[in-house]
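Going in written order, the chains are labelled A, B, C, D and E, and every chain counts its residues from 1.
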Amino acid sequence: MKKSHTLALYADMDEAANALRELKSSGMSGFRMEDVVVKSPIDHPELSELLGPRPVYIQWFTLLGVLLGPTTGLVLIASAQASFIYQVRGGRPVVPLPPDMVLTYELFILSGVLMTVLATFVAMKLPGNRSPLYNASVSEDKIGILVKADPQSIPQINEILGRHKPLEIMGDQAR
Amino acid sequence: MTMSNLDRRDFLKVLGISGAAATLAGCGHTSIESGVEEVMSYVHPQDFVVPGIGVFYASTCAQCGSGCGIMGKVREGRVLKLEGNPESGISGGKICGLGQAGVQAHYNPDRLRTPMYKGEGGLTPVSWETAHQILEQRLGPNSPLKGEEIAFLTGGVSGHQRVLLENFLETFDSTHHVTYDALSTATGRAASKAILGAEQPLWNIHKARLILSFGNDFLGSGVSPVYMARQYALFRKAPRGTLIQIEPRMTLTGGNADRWYPIKPGTEGILALGIAHDLLQHEEFSRGVPQEILDLVKNYDRDAVSDITGIGSDAVRLIAAQLWNNTPSLVIAGPSVEGHSYGFSNAAAVQLLNVILGNRGQTMEGQAEHPFPQLTPTLGSYHALADLNQKMAAGKTQALLVYGTNPVFTAPSHLPFAESLSNVPFKVAFVTHMDETAGHCDLVLPLLSALEDFGTHVAEYQPDGVEVMLQQPLMEKLYPESKGYGDILLEILKKRKPEAYAAFPDYYSYLKTAMVKAKPVFKVSDSDDHFWEDALRNGLVKWDGKPTSLEARLPALTMPKPAELTTDYPFYFVPSIRPDMRDGRHAYLPWLQESPETMTTVVWDSWVEIHPKTAEAMQIKEGDILQIQSATGSVRAKAYLFPGIQPDTVSMPLGQGHTQLGRFATGVGVNPYKILDPIFDDHTGELAMHATRVALRKTGEHQVVVKDEGPTTFQNGQKLVATLSADQAKLSKEI
Amino acid sequence: MSLSNLIQNWNSFRTRRPYEGQYDDAPYKWAMVIDLDSCIGCNACTVACYAENNLPVVGKERFGKGQAMHWIRIERYWGEGDTMTSEFPDHGAQYLPMLCQQCEAAPCEPVCPVGATHHSPDGLNTQVYNRCVGSRYCSANCPYKVRYFNWWNYPDRAWPNPLELQLNPDVTVRSKGVMEKCTFCMQRLRAGMDKAKTEGRILADGEVLTACAQACPTSAITFGNLADKKSKVARMWKNQQVDLAKDSQEKSEEGIRGYRILEELNTYPSIVYLERVRNLEA
Amino acid sequence: MNYGKRIFLWIVLFWIGSAQVFAEPFVQGGPIGSQTSDGYDALGPVVEQPIEFPHNTHAGRMQINCMYCHTYARRSNVSGIPRLDKCMGCHNLIEGVKDRPRIKKLFEYWENKQPIPWKKVHDLPDFVRFNHERHIQRFYFQEKRPVREVCGYCHGDIASMTTARRVKALSMGWCVSCHQKDHLEKAGSTVTSHGPNDCWLCHK
Amino acid sequence: MSHSVHSHPQLDVQVERKFIPKQKDLGADVTWAKINKDVLKSLEKPRPVFWVIFFSALALFSFGVYCEVYQYQNGMGVADLNNPQVWGLYIATFIFWIGMGHSGTLLSALLHIIHADWRKPIYRYSEAMTTFTLLTAALFVLVHMGRLWQFYYVVAYPNERWTWPNFTSPLVWDATAIGTYLTSSLLFLYMGMIPDLAICRDNARGARRALYRFLSMGWQGTDRQWANFKVAYMTMACFLMPLAVSVHSIVSTDFAVSQNPGWHVTSFPPYFVLGALYSGCSGIITLFIVLRYVFRFEAYMTQPILNKLIKMTFAIAMVWTYLDLIEYATTWYGSDEVAKADLIYRATGDYALQFWGMIFCAMVMPFTLLIRFVRHNYVVLLIISLILNVGMWLERFQIITPTFAKSHYPWTWTAGWWPSWVQWGIVAGSFGWFTMLFMLYCKIFPSVSMYEVKEMVHEQNMEEKALAAQTDVHEAGLVPEMKGGQA
């Protein structure tokens, strides 16, 4: 079943929080709290808390990066040094550990960073298209609450949202 | 390895010049190419010729008169490098830097490539046809020239070049062969002859326990430096001999001395007499010494000698004591002893020591008698040039041929050779490079380089029997318009005296015939061809002459006291001889210009050496440009502070200051020959090169001295060159 | 497989050099002895090197800027300290032929970013011209300062025609931006070693010499194969009690002349110098 | 988050796979002939020679050993172009072909005593030294491989060409790939060794 | 600005001692909407002096390019480098630029980790500075290379030559470290900029809008995006801090692994890191003043923030001074005679002017930062921050040149070596290149982080709310700023 969206803009954080609280406690069918999205110019942990647990998985990617990067890096470097045209340099061992550790360390960081960035973009679903219900003011100073729900629940949701002094309520149909 | 001359020439043909040019691209040509370079092969080569592998050919080094046997590495028709020829008793497989640079003389970009004839606008290129016409017209069979009207001015020549030259003059009923050497040792040779009975005795350096050298740079610019250096190496092995060097300016040999004494220039004879004075106290030495000598020596006690020479009386005693303790010894004199108005007496006083010490037969012997005296080198002198100059100035000389010498550059300014040249109607120069003298000549003939021409050489100093050294081409001639010196002379001779010379198509056949004719003397039983091939392969033929004994004479001597320095000219002036530049004829060789002078490490320049103490007193810093003023003239040069010089002395190297000797020599440095005063040796009439006195004037200008050494000339506590006292060394245990 | 290669040869890859007996089984280890008592500072070696190795003549201006290219240079010192100890150099000058010391633990090698310089199996410090990118780190790190950089494109003008005909075809002419240094006349050694290998032997002592050793009029330079215990150079090293793999040498008695320059920097040079001897009482 | 987990898995796989690919060149060298990234073709250009020498006739039809003409290959760095008198040695005696244009040209050179200006086909960079002698000695004389194979490893099947043309990459990686292989030390022996790996062996 | 007391520097101590209320980092008038307006305006219309700076930088850069082309064509000889003096200004300036790059990370990463909020208005441009200084430094790697056209030999990639770079070379470590650092800080900069790019996107038109749209990748500021963003940002900050330390430590090994006197110093890594932070901080001060004026950022780059920045700079300067002095002390009291001679040569030899110049500029001048007048006079402060950086550049110069001039080997010592105009030209060009890039950046991208300043405003508001709610008047705002006793 195709879902519909509605977006409410709030100037005040407390009002937005109240709106969320009410949405959460309304217990109505046709929408899930997971589908509620808060759009804000800055991070508002207070609001996020109300949305329920939304775990972040980036650190696992980071862990993967810092494990794979240095190990494959070290093996590659050491094998390159030990490859057929290996040469002795300055009396040092052909596979010298301290220099290799330096490079391994750099690779550790590099792969960690790259994996983190990659994971972040994946997690943030970027690059992606903006939702049609986007309002430029959420990047300025307003807080937007975007709710995805069954079309029949939308009026009820709009009502809840409208109770907390929204500046504007937009919906799919408003377009 | 038999090879006819023609085959040889074919082999020496340069192949793959394009290959060489591509080498220049160096790292530029970094990818794999196809069809860009050419690769050629010989038409009909000898079997041993393998591309990519060098073949060594023996020849003789013509860079100086030492007559070292050399080998040239030839590959793809190019001579790449010269090495010493192990067959040669002189070089023994070794070679000096000057010799190595022979290859650059050959490939020099400034070589003369065509004959030149003086026309309206100076010298202009002409064809050989024209050149031959001119030569025939002037010197051909119809030439009216006779006797001293014709003069052949050369540097030292030997071997068949000399024979041909003299034969050539003979057809004019002339013996007017003038040999000029700007660095003539005629005075010293005369003194040696007078005392020891030989102009140039053999020195058994390696047998000597002590060498006392008065300014003789036998390791650097002496009579046979490579041979001497080889002997020196033996001398330094156990039991190690001691070298004491006494001279006003430290030479390369002085730099290697165990003890070096700076002496006031011109007082060497007095020091020698002072040493003799000490020695003659002992009956052992004074036995057989004539009374005149004893009387003469009596006046030179240590203190008197010390006053005059600037060498402490303790040092005089020490030197005498060492001569006493270390026998056999060897006492030799060099240019700084000879170059005074009383140079002969000075050198004789030094040689006297050898007689007193009984070095004859021990460390000094006579050279072996040469079976072909006509091949021996002619030794130059200054007064020969002065005589010629007089004749020329008087208009007596109608034709002058110049070969292997450059008097316009090396004659001092009081001998106006260039001006006198204008009195001679016909002047021919045989050169490989345009030089100052050739620039004043009417006809300049381009010679083959020493690596392209045949020839024979006999060294002035023959250490081991007698060798006739062969010079042969290592390469096809670079410039088709150049000709061999022998070939040119032979061509004129063929016209003047066809009955004797028509049989020889070229100088090569003349040489071969002459050498083969001399075969019996060398006690070889081979066939003629075999003998000749052997000679070419070895680069020499050898005759086992035994050293002769020396007969000592002790003539009466007078030893003048040198005049004091005056306030007008408060410095002694010592022109120093660079081992690589000699009289300046090698200044066009870039390797030599770039190789740092051994004592100062200066490159590409002239400079004036001053003792740091003197410089401090005069507030002179390194690089200050000084005017060096003698009574005759002045030059400007950068100051270089040099501790190895007597403080009242300044010294300049000879050889630079060319105005016409190719791109590498022209405009580099100044020519100190031009400020030498007209002072001559009383006995021989030679120019007294060390007798000039100069004044220094600061010009206020400053330039950086280009040299290899950095701001410090000390080891600064690092163990770089460690020195071990001779009594601690265990050389006999070494390998 | 690289990993198995790595694991199999781990020990050899982890060995520090030099170690005692390193060249016992090797056919060659090139080394030199320079007798400073015989050296007269005549520059014959320098010119020989120019001739053999295609060294460019840089000219006065560039020489003055310190851009000379002599792989072997004759240094002339006046004393051990930092000033003259007497008014005159009483015991002559102190000459030192300085060339690449072919260090066993060369400071130049590990720092090259592209590995253009490394240690060859016969104990030479190599320089691969085409690999060089010109970072000059090796020269910065060389305690002897015997590496020379092509500051200019010398092939352009150092050999005006026909001087270029003299160039040795066995040696690359280096273009601008490349580091170069003494190779112990590798082209000669290479040709000799190849010939010997074809004939199934190793090179005899003295069969191949470097250009400097061959020219040296006083034979002050002895060159040879240290791995061959019977060679002159090996006997001299032994006689002078210099051990390749030690950074300080213990001498059994006074008066043994062999030493290596700046040995205390742990470079393990392949050139032993013999102290200059002077009769200091003269 | 299923999406994330899938991505996670993909990354792990990709990483391991790319490490394998990355390691490959120094493990195995990659496919021979593929190392031409420096901008030249593995197949060299057609080179026009002064005489269009028919290798296919000499080496192909006549079955003449390469080293009969390129006689220096076994004793020098360079294999060399045969000397002119070598060509003449045979062609003087072969009357049947004397009127052919190529042979006429050859005689022209010979009569003028002119070397023939051949163009180099296998021209390595100037800083590289390749020693024919060692390769011929090792593989032809010691290992007793057929001469076609020994020469052909670098020069290709010359017997099928008229004038020679470069067919192998001749790049450093290409050289190294062969040096790295184990070769029999002698014919009949089982002892193997790989080629030397000293930089200064080939770089001068 | 609610300052009531102004003091004269000379009279500083005699100023009437009284409590000065602690200033807020941002003024009370800053609202979210104003932030957007101000910052976006900076992208449109900076003061005209912007163009003066930009075009002079472009001119300098062009001259540098000319010098480099000249050097490329003729060989490194035109730089008057020679056998011992193989590096010259190129490596000195390389290290200088790498060093400059370190403080951006310090501000953005370390201060982010420890939640020092005052960093927020100024971290963006410092990070941009990091990126561009690294780009400038990377130029020197190439400029310095004798065979620039073969630079790819240094890169580790499977190739037809079957060769690898030498992993034992500190230069390869350098390359790796700088590559990592550049990549990471570029990503860090970019990632931190995404919300701001979205703001730009929402307010721009035309080509700019397309650019911002492309770069912001569709950021909408959803709670999930913010949550992930925060975690990722913190994670990267944690990576960047040790990375920055490792980068300059590795750069120091270029010297420390060699045996050259004056380089073979154990304390070089921390010394270099601190030197880097030091020069970076003074660079940030310079740019602070410039940006504040050029882009009219007076409301965000406020005196209290500057004060904190200066305090941090001073502290770093002191640590650096200490490390520098103990380096001398260990050499002086050590037994390495060559190193000692080298130290003496530095202080008394040909480069004594540079040495004492460094001591003056980098060790003495920081003390002027203690003077209140200096801290409050932007012109003076600008000059002083430049002097500090001149000092730090001289420090790099006198690490390299005197060591080459007087190394282990006396024969190759040099006297009075001096770089040629080509070197100076390229160094000048590098300043032009950096300034050009940086100015261009500030013109195109928001150089003050809008969303973080918003956070800051938000937090200040919350704090005030909390304060108002509390009855306890603990002297949050009454801590005396000046040293001195109680009234």
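Here are some notes:
The working rule: a residue touches a chain if its C-beta (ideal position, glycine included) is under 8 Å from a C-beta of that chain, and two chains touch if they have at least 3 such contacts.
Since the structure is predicted, the reported quantities are computational estimates derived from the model, not experimental observations.
Taking the definition of touch as given, a chain qualifies here only if it contacts chain A and chain B alike; those chains are C, D, E.
Using the contact threshold fixed earlier, the set of chains in contact with both chain C and chain D is A, B, E.
Farthest from chain A in terms of Cα centroid separation is B. The chain closest to the protein's centre is C, with centres computed as averages of CA atoms.
The interface with the largest number of contacting C-beta pairs joins chains B-C. In this assembly, the C-alpha centroid of chain B lies 32 Å from the C-alpha centroid of chain C. Separating the CA-averaged centres of chain B and chain D is a span of 53 Å. Look at where the CA atoms of chain C average out and do the same for chain E: the two points lie 44 Å apart. Centroids built from CA atoms put chain C at 62 Å from chain A. Annotation for chain B: residues touching 2 or more other chains are 23, 25-28, 30, 709, 712, 714-718, 720.
Among all residues of chain E, those that touch two or more other chains are 162-164, 166, 168-169, 172, 408-412, 414. Those residues of chain A in touch with two or more other chains are numbered 75, 79-81, 83-87, 89-90, 92, 96, 99, 119, 123. Contacting chain pairs (ordered by label): A-C, A-D, A-E, B-C, B-D, B-E, C-D, C-E, D-E. Residue ranges on chain B touching chain C, taken from their complex, read 14, 17, 19-21, 23-28, 30, 75-76, 78-84, 93-101, 103-104, 107-109, 219-220, 225-226, 229-230, 232-233, 236, 240, 242, 244-245, 250, 252-262, 318, 322, 478, 579-580, 590-596, 598-599, 601, 603-605, 612-613, 643-644, 647, 663, 668, 704, 706, 708-709, 712-731, 733-735.
Within the complex, the chain C residues that touch chain B are 36-38, 40-44, 46-48, 50-52, 54, 57-61, 63-64, 68, 70, 73-84, 87-96, 129-130, 155, 159-169, 172-175, 178, 211, 214-220, 232, 235-236, 239-240, 253-257, 259, 261-262, 273-282. On chain C, the positions that touch chain E within their shared complex are 62, 65-68, 73, 75, 77, 96, 98, 107, 110-115, 131-137, 139-141, 143-145, 147-153, 176-179, 262, 265.
Chain B contributes residues 10, 15, 22-23, 25-45, 50-53 to its touches with chain D in the complex.
Chain A meets chain C in the complex at residues 75, 78-79, 81-83, 86-96, 99.
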